[in-house]
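The same chain A turns up in both complexes below, where it pairs with chain B and then with chain C.
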Partner chain A sequence: MSEFRILEIKQSVFADNDKQAEELRKELKKEKTFLLNLMSSPGSGKTTTLTKTIAALKDEMKIGVMEADIDSDVDAHTISETGAKVIQLHTGGMCHLDADMTKQGILGLGTEEIDLAILENVGNLVCPAEFDTGSSKNAMILSVPEGDDKPLKYPLMFTICDVLLVNKIDVMEYFDFDLKACEERAKKLNPNIKVIPISAKTGEGIEEWAQWLREQVKKWKEA
Partner chain B sequence: MSEFRILEIKQSVFADNDKQAEELRKELKKEKTFLLNLMSSPGSGKTTTLTKTIAALKDEMKIGVMEADIDSDVDAHTISETGAKVIQLHTGGMCHLDADMTKQGILGLGTEEIDLAILENVGNLVCPAEFDTGSSKNAMILSVPEGDDKPLKYPLMFTICDVLLVNKIDVMEYFDFDLKACEERAKKLNPNIKVIPISAKTGEGIEEWAQWLREQVKKWKEA
Partner chain C sequence: MHELGVVIEVVNVVEKFARENEVEEIDTVVLQIGELSSMIPKYIREVYPAAVDGTLLEGSKLEIEILTANGRCQACGTVFPLVKNEGVCPTCGSSDCEMLCGREFYIKEIRCF
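Then we have the complex of A and B:
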C-alpha cells in the first residue's frame, strides 16, 4: 500500500522567551487584566468571532483588542466598529508574536482600564504556538473547511490551547468534517482542552464561549 | 468611524539563503527536473489538488512529491496512493522550508528520473513566502472559505507566486467571496500572477492548471 521514506530535517532553537512571558503575566495579574491569545489559520474566522464575543461581553467588562498582522488594517477597522478599544500591530513580516512583542502591544493599548485584553495573533497554526506571549489563556479556532485532520498536522497548537473553537459549523454539511474525530484527536494531544462548536456567522455556540471567557476573567481578577 | 493607533513592531533579519537557492535551481536545471513549490494555509486543499494534478499528468511525465509537515504523514499516505514517488519531510517544528532543507528533500527523493518534483510546503501563508526554496516556479492555493481579503493580509505570498489557484469554488455560494475583488487584489501586488479558479473536489479547473504546469515543465527542459 503506502510506502515512502521519512526524512527528519533539523530543528531550529529559540531564545529564552519564557522568562519575559512570566513577567508580563505577573504584571497583567497585578493590573487585573486578563489576556487572551487567540490563534488560528488565515481565514478561519478570528475577527468575526471576536466581533460576536465583544457584542456578548461588552456591557459587563472593558475589552481591548490587539490586531496583529503582517500588513493591512482591515481587521482593526472591523473591530473598531464594535466600540471596543483596538490597536493594530504590524509585525514587519514576523509570523507570530513573542512576549516582548506582546508587551509592546499591551503598552500601546494601555491596560489600566481593560478587564479583557485580546491578542488576535497572526494567522498561522505553526509559529504562534511556539511562543508564550504572556497570555492568561490560549484559544484557537479551527474552521470546518480546514478539515478534521489538523490536530495530526499541527499538534503543538492543539497542545498549548485551553479552548478549541470549531467554527463555521453552519456549513458542516458541505464539507467532509468529523467533529467527533477532530475532538478525539485534539483531546489525545491535550486531555484538558475544551471544545466548543460555534458559528460566528449565525451566532450558534457564542454564548457558551462567552460564558467560558466570563468565568476565566472573573477567576483571574479574584485569584 | 474607525480610529486606532498603528504600532510598528521590529522585524527579524534572515541569513543568506538566496545563493543556496540559485545553486539548487542550477543543479535542477542541469538534471532537467522542474521543481514546483506549492504553498497555502492549512486546510486549503493542497493535497487534494496534488492528487488531481498527478492524475492529470502522470502518463506524460515522472512526478515526485515532497510532503513537508511539522508532524504526521497523512498527506504522504494520500499521495502515495496516486502512484507518484513521494517522500515525507518532517521539519521538526520549522514553519517553512529554505533552500538547504529543500535540497535535503531533493536528495532524499532523487531527481534523476523525475521530470516534475513538487514540494508541498508547510501549511502557512507567512514564513514559506520569505524563503526561496530553489524552485522553478511558485504556486499557492487560496480556498474560498478563507476569504477574498487574504492578499491584503499576506501580501508577500501573493507577490512571490507565479500562480494563484482559488480552490473550493464548488462552495462559493455558501461564502461571501468576491472572486473578482480577490483577483484584483492579487494582481495589484503581482501583475503577472496567473489566477485559476478550481475545485479539487469536483475537478473543475484542474485541466487548465495541468496545462499551465505541462507548459512550464516543457519550457524548463528545453531552455
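Then we have the complex of A and C:
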C-alpha cells in the first residue's frame, strides 16, 4: 500500500455543472432558442400557468415544454392538450435538474423547432436554486397561500430569479398576504427582480407576463 | 431531503479526481460549507453512507468544516460575521448589508492511500 497523502481538491461542488450550463446557454443562443427555467414549491401553479402562457403565445412562436415535476405524467398530458410540444424528463427521484439533464431534454425537443423552451423544474425551492440549468432566464412562482414571508425562508431562490410571479391572487382576500411586503422582501434580496401578480385561474396578469416573455425571446434572438 | 442529490454530485467529483490521481483508497473526504449554505451538515452526514455505497468512497470518513458568513455594512463599511450579529452591523446598527461569503459548498481535500 502506498503512503498516506492529502490531496487538495478545492473545487466548488457546483463547478462542473456551472461549466456545462454555460456551454448549453451558448448553444441555445446560437440556435436562437430561449430557455425559461420555471420553479416553485409543489402546487404553486406551474402547470396551470404554463397552459395559460402557451395559449397566449402559441400563435406567435413555437413553444416546447420539458416536464420534470413529480406527478408530471399528468402534467405532461395537460400541457400536450394545449398543442405545444412536450416531453417528459425522468429525474430518477432527484430533487433538481442539472445542466446535463436539461441538455438531454433540449435534444429531445429539438432546437430547430423551438423558439421558446420552458422547463417545469422539480417542485422545490432549495435545490433547483443551486443548480444552473443553462437557462436564459429564471422564473419562480410564489402562490398566495404560501405566505408573503417566503423570500425570508428561501433567499437564494429569490436571488437567482429574474421574475417572480405571485400566483392565485384571486384568493388574496382569504389569506393574510401582503403583496407590497412580499415585493419589498424580494427586491431587498434582488433589486432587479420583476414582480408580476397573476391568477392562472382567472387569467389576470397573464398578458403582462406573456409580454415580458415576448420581449425576452425577441432580445435573445437579436443579440 | 435535497442533500442527497448534492452529495451524489460530491461523490462524482471526488471519484473523477481520485481516478485522475491514481488514488486507490480514500480515508477521509473534507468538505467546506458556508454557514448560510442551504446544505445542512447534519443531513449531509446522514445521507453520506447511502451516497457512497458501491463507489470508490465507500467506507470513507466525512469531515465538514464550517465557513463563517461575513457581510459588509452598506452604511459604514464594517465587515462582520452575519450569523453571530443576526445581520445587524455591530458598529452602526444598520441592517443593510451585502453578503461577502457564506454560501460556499466546496470539496476541500481528500486524505488517502
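The criterion applied here is as follows: the second predicted complex is superposed on the first by the 205 of 223 C-alpha atoms of A that agree within 3 Å, B and C clash if a C-alpha of one lies under 4 Å from a C-alpha of the other, contacts with A are read in each partner's own complex, and residues count from 1 in each chain.
Keep this in mind: a contact is a pair of C-beta atoms (placed from the backbone, for glycine too) under 8 Å apart; a residue touches a chain by one contact, two chains touch by 3 or more.
No experiment lies behind these values; they were computed from the predicted model shown.
Trainee: Of the two partner chains, chain B (first) and chain C (second), which one does A:E130 touch, if any: first, second, both, or neither?
Mentor: both
Trainee: Figure out whether A:E208 sits in contact with chain B (first) or chain C (second), or with both, or with neither.
Mentor: Neither partner.
Trainee: One more residue to check, A:H90. First (chain B), second (chain C), both or neither?
Mentor: After superposition on chain A, A:H90 lies in contact with chain B alone.
Trainee: Per the contact definition in the header, classify A:S80: touching chain B only (first), chain C only (second), both, or neither.
Mentor: first
Trainee: Classify the contacts of A:N17 with the two partner chains as first (chain B alone), second (chain C alone), both, or neither.
Mentor: After superposition on chain A, A:N17 lies in contact with chain C alone.
Trainee: Output the chain A positions appearing in both contact lists, the one against chain B and the one against chain C.
Mentor: Common interface on chain A, chain B vs chain C: 1-12, 94-95, 124, 126-127, 130, 156.
Trainee: Within their complex, state which residues of chain A touch chain C.
Mentor: 1-17, 94-96, 98, 124, 126-127, 129-130, 156
Trainee: Taking the touch rule as given, give the residues of chain B at its contact with chain A in the complex, in rising order.
Mentor: Contact set of chain B toward chain A: 1-12, 41-44, 69-77, 80-81, 86-95, 97, 101, 104-105, 108, 122-127, 130, 143, 145-147, 149-150, 152-156, 168, 171, 174-175.
Trainee: What residues of chain C sit close enough to touch chain A in their complex?
Mentor: Per the stated touch rule, the residues are 1-2, 4-6, 9-10, 12-14, 17, 21, 23-25, 27, 38, 103-113.
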